[in-house]
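Labels run A, B, C, D, E and F following the written order; every chain starts at residue 1.
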Amino acid sequence: MAEFETGFPSVRQLQQWTADKQTIEVKVVTGDTITGSILWQDVHCLCLTESSGQQIVIWRQAIAYHRALATS
Amino acid sequence: MAEFETGFPSVRQLQQWTADKQTIEVKVVTGDTITGSILWQDVHCLCLTESSGQQIVIWRQAIAYHRALATS
Amino acid sequence: MAEFETGFPSVRQLQQWTADKQTIEVKVVTGDTITGSILWQDVHCLCLTESSGQQIVIWRQAIAYHRALATS
Amino acid sequence: MAEFETGFPSVRQLQQWTADKQTIEVKVVTGDTITGSILWQDVHCLCLTESSGQQIVIWRQAIAYHRALATS
Amino acid sequence: MAEFETGFPSVRQLQQWTADKQTIEVKVVTGDTITGSILWQDVHCLCLTESSGQQIVIWRQAIAYHRALATS
Amino acid sequence: MAEFETGFPSVRQLQQWTADKQTIEVKVVTGDTITGSILWQDVHCLCLTESSGQQIVIWRQAIAYHRALATS
């Protein structure tokens, strides 16, 4: 599973944000934008907790881009 | 078939939901949202039983995101 | 060609449906829905015979979901 | 290059159609339908000669489905 | 990097067109059509020089089809 | 991680542009155009700093094409 090694900045950054309960915004290929804090990631998916408290599992294969949202 | 090992949270969670007959909602790249309980999963697909009783086989390659629906 | 082994439920089900001349409905990523009975499948494609008798070769890479249609 | 072996029905059928100068119709993920006879195929692409005589190189990765057109 | 070997007609043709400063038209999955002469190709991308003189780097993964344009 | 070797022109060019704080424009498969200077790249992603100072992480899998913008 070399591609998921934590040596990669992109994987490490998501791990750091998971620890920090950072809210992120993820744009997926369907055009939907999903917002939440990262609960876990694995080789297939990224699980976010939305502000409603509901969890949503986003498939990596479908992600176009993401960014951290400013904490307010 | 390393990528389908049950050690991954995303695979394990879907297995648990299969056992629990949990209803999930799956958004696919065509923009369709499919709702049902998971009957089986394999390396290619996820088979759901829709509320109509009909089965639908969703290809993993086409999934953007999914979530458990609250039981009511 | 491990990924096409008949041990996978999704591959086996399509094989069974081929033997049964089961009519299926396939939704592909272009948004088209294709209906027909399965003539053959291989690692790349699924060949259906449409009700017009014409054959259509669907590429697996483009499939979002499929289901068996009720026989009437 | 196992996946391009001519033992697969889908590859063999395209080879046969190339030999037969069969006109085919290819639907690609952009929604375009391309029509022509197959000039060559390789592991990446399918080259068609359109009725205008112009050649077009279609990338396999972008194909949703194809079919032979009836000769008239 | 077997898949980028120059033994493949599709790779060789693009190489020949690079040498010939052939203008090509590339349709990508976003629906955009990009026109220019090929400056270089590698395993990931195809770099074109547009008629404005500007360079554009197209990712192979996003190409649906391409063709040579007639020289006028 | 052979595919990310810096021997490839496309990878090397992005590295050079990172060093030069070159502003680039990236078109992704959702149809969005993202503009910024490259902060880092890894095997999965490209991180840009937008003119607002905000960072955005673009997934390689979602890139259709990119180009350098003229410095003004």
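A few comments on the model shown:
One rule holds in what follows: contacts are C-beta pairs under 8 Å (C-beta built on N, C-alpha and C of every residue); 3 or more make two chains touch, one makes a residue touch a chain.
All values derive from a computational prediction rather than experimental measurement.
The minimum number of touch steps separating chain D from chain F is 2.
Overlaying the C-alpha trace of chain A on that of chain B calls for a turn of 60°, given as a multiple of 5. Of all residue numbers used at the contact between chain C and chain D, under half are used by both chains, marking a mostly different-residue interface.
Our note on geometry: chain E versus chain F, Cα centroid distance of 19 Å, whole angstroms. Put simply, the C-alpha centre of chain A and that of chain E have 34 angstrom between them. Chain contacts: chain E has residues 28-29, 31, 61 touching two or more partner chains.
Contact topology of the protein chains: cyclic, one closed ring where each chain has exactly two touching partners. Round the ring, from chain B by way of chain C, the chains line up as B, C, D, E, F, A.
Per the touch definition, chain B reaches chain A in the complex via residues 2-3, 8-11, 13, 27-29, 31, 60-61, 63-68. Listing the residues of chain B that touch chain C in their complex gives 1, 28-32, 34, 40, 42-45, 47, 54-59, 61-62.
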